[in-house]
């Protein structure tokens, strides 16, 4: 490992980190602006031009607010929980390639923090660890609403993780690899997985919403029922961490979706490798655009669909998505067997 | 570098495990155990068992321990109350045996290691990936694999039966 | 060809299973048909195999089949292996043929008996066991059949077990047989110890060349003969057979006349190689045989129970067979075995027919004048009686005279055996005609208003068939002296040992001598018949006169020489005393004391150990750990 | 192999011992159960080490099966603990000794 590699790695880490944080900031604003748009009203538009500095103002507000720690909490866990939530949210992005390989000084640089040979499993594993943040936060608050929210969220996450995994398996089967690079390369060579596996894409999309605790599956928070869900008792910067990780998760999930089913940074009908550095820049932009679409979809869905009831959520997960995922695997297997 | 990381992880692992066993609050134990398993996963990575390492996180840290956490929450287990006396009479001989065991075990490890050290080191072969483990699982170990799936089904049914309220 | 060998035993076994397990769903008729059908199957298969066997050149006449390893223990492997050679072929056909007729007969005889399914199940089981015995290629399998037929005999003698006397008769048969079986077992152990195998053919092949003491063969064969005396009712273990008449009459015909009781003869013939190596045993066998023949005949003369007469007659005839094998005329013994199966089966079935029509009456003193009421039974019985008496032209004549000639020609010193044989022949003729005359002639002395009637055709048909066999069954063995070629003898010759015949004379002179002896015995037989005619037809009062005049002798004979009573005094009573002592002292004090003591000891010990089991899981875990520690210490110091 | 095999084995052994001590000393059934998991994982570590050392994938396959087994075991075991707790209102195994009486 020479200086160049270390340097490149550092740059990539910082760039991705900053990009994710930036995306989160943009998202917090976009959420409210789009909501305003959908509800035929203005969103926040006073801080900076068109309200662009609103996230900064929010951040400053979170930092400066008084940090209230309720008397009943179990302090160590209470402090640990936001961190546990945050770490997976920020580290999952590490394995996602965000652009075509770049040629720098005669070397090829993968636009990806870490290309490990089991990238998909890495994401799944970290997502499953993320559950602890919610559960522990809910439990350690020492109050019933957070506890209920925590229990709900963990059950929800575990249930939908299965459907998600099954949807991914179909993709893995056709592309024959567990790294994103292989999956994207396969989609470049043939066509986007979305066209080949619409069922899997649908299942994954729904599961993705549930995994990030977004409407219509935001039962962990469910303001009207549980006050604020697992983070009811959190305030100030610790609340900000939950907030941040929720949006970071959305970004990662969108990226995941894009990589699995929509060709990642691939631009359809265009060969990026022929265009040199510009091609790389273009591919990164395309990737951002695709992610942006799914983030918009998140918001759109949020302000369009009502929340599910808990039993409906479970029924959907276990009795609809899980069988659909299995059917998809079966169909893919059949298709592969017939093709060969 | 790898070796240093390994020893760091191993130390964390042992410390966390000791914490699991020694502290009185079950919730702390669970969290410590999750941490321990994460370290163990890291050690697996360093031993080039990538697939198993991920599984360690996915299955142990991600699924099994969540169950523990659930049960601890569900039962609302309170921290153990300290009891009078440092060593309880009915337990001193467990302690004695535990100590003998620890001693013997370490001695044996030393003995075994001496034997192993004399044998040549293994070659570095890429065996830890999903492909090689998967291939072994679906060819040579196909039957045990299927039986394991059956075992899981049985466990599922059994668990539901045991845990549901009396109808 | 040999592939179908197992079917011979399989059919009766299936019949047994069907009747035994599914019997309650079968009607009486179906039950009988299943049982008879099974035996018919065996008979057809064995007949087909016999034809195939005859088609083979002499010397290669052998089919074997090993089904599976039955008892593999170390180097000893006992297979379920069958052997179909001329000897077992004859036996198989006799067993399945006569067995088939008796099964059919039973359908009529056992009609309306509530236990008929059980009866047929046992009868099939018996046939299975008997065929196993006959076909067995090794002594252990043979012993299985041997014990199996004993078991079935026990079950069928005590078939009407509600009657305690009958149940006891079954018990007696079983226990007396046990004594003989012990001899058989010891013989097997000795043989295995010496030859390392229990295969009959291997032992037979190894025995003549083995450098063994004369005493060994004498001991082994004597022990085998002990077994044979038990099963075949010879002195001193004959006492069970007369009591065995408690069973249904077809059972007496099948088991206690035609097949099972001849197993002893078969055993000796099967192991003829061993016996021929032990001249001392041979002499004993011949001696016991002729003694039994004469002895049983003298008892038969005075008995009044029709079945008892036939039972003693059976013992007597078995004595003839032992005489034959004892003097080395093995094929003559088997020949007589076969003809005896025909005519004794016929006689028993005829007697059964009579008993059936007399509503269970067995006392000849209450019969008489049945000739016109039961014509078929009468005529077939006549044939049977003539056959057993040895009237020339019927089967009994050929086989009996072959035995007598064998006894006469064997050793110069043995001609007294011939003499006793001739005397027995005369007695046989007398008592058989006594039975015949008292049953069918004279004035009817039966009581009651119901007239005897002829039995249904399902019973008379076997009678007719057996009568046919009783006449012509002997024609397979017409001796050379009468111009025949004795094919039966030649058929069996390859599988039987040749025992040296000490005959100095040239063939044509011996023929003349043989013819002379035949004439003598025929005259004696005719005398016996005439005497019976005189006493029981011409001057019925003469019978009582004679009884009075012979006084002591008559009482001895009538009471069977008090042998049962002597056994009771000499063996059973002391044995019972010994048993009482061992029970009241040894069993109660020592055995029970030890058992109870160990129980108390265990209880006390477990009271201590119980403390370990305190319900604490960790306690248990720590004990597991203790075990692990021990293992670790062991590994460390190993 | 960067780390000597016997170091890994020593760690595995220590981990196993910690698990044993936990099983022996803790009263809470859940902690005891977790200690059992520690023991299982100690064994897994040894398997992985040997697998790496011998370049043989079978050790990892074994670990895979042990994990499957552990998952089943934990599910059933925890269900038992729950139903025990429901009936006895305790999860202290020194008080759960119905078998003694």
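Going in written order, the chains are labelled A, B, C and D, and every chain counts its residues from 1.
Just so it is clear, a residue touches a chain if its C-beta (ideal position, glycine included) is under 8 Å from a C-beta of that chain, and two chains touch if they have at least 3 such contacts.
Just so it is clear, the structure is predicted and the values come from calculations on it, not from any experiment.
**Student:** Which chain is most central here if centres come from C-alpha coordinates alone?
**Tutor:** Chain nearest the overall C-alpha centroid, as shown: D.
**Student:** If you average the CA atoms of subunit B and of subunit C, how far apart do the two points sit, in angstrom?
**Tutor:** The separation of the two C-alpha centroids amounts to 74 Å.
**Student:** If you average the Cα atoms of subunit A and of subunit C to get two centres, how far apart are those centres in Å?
**Tutor:** 94
**Student:** How many angstrom between the C-alpha centroids of subunit B and subunit A?
**Tutor:** 30
**Student:** How many angstrom between the C-alpha centroids of subunit D and subunit A?
**Tutor:** 34
**Student:** Would you mind listing the residues of subunit C that make contact with two or more other chains?
**Tutor:** As it turns out, subunit C has residues touching two or more other chains at 616, 618, 622, 625.
**Student:** Hunt down the residues of subunit D that sit against at least two other chains at once, touch-wise.
**Tutor:** 20, 24-25
**Student:** When you draw the chains as points and link the ones that touch, which shape shows up: line, ring, star, complete, or other?
**Tutor:** other
**Student:** Considering the complex alone, what residue numbers of subunit C touch subunit D?
**Tutor:** Counting only subunit C, the residues touching subunit D are 613-618, 621-622, 625.
**Student:** Give every residue of subunit B touching subunit D within the complex, in rising order.
**Tutor:** Listed in rising order, the residues of subunit B that touch subunit D are 2-3, 6-7, 10, 13-14, 17-18, 20-21, 26, 29-30, 33, 36-37, 40, 43-44, 46-49, 51-52, 55-56, 59-60, 63-64, 67-68, 70-72, 74-75, 77, 80, 91, 94-95, 97-98, 101-102, 105-106, 108-110, 112-114, 116-117, 121-125, 127-128, 132-133, 136-137, 140-141, 144, 148, 151-152, 154-156, 158-160, 162-163, 165.
**Student:** Once bound in the complex, which stretches of subunit B touch subunit C?
**Tutor:** 90, 93-94, 97-98, 100-101, 104-105, 107-108, 111
**Student:** Can you tell me which positions in subunit D touch subunit B when the two form their complex?
**Tutor:** 1-11, 13-22, 24-28, 30-31, 33-35, 37-38, 41, 44-45, 48-49, 51-58, 60-61, 63-65, 67-76, 78-83, 85-86, 91
**Student:** Taking the complex as given, what residues does subunit D use to touch subunit C?
**Tutor:** 20, 23-25, 32, 93-94, 96-101
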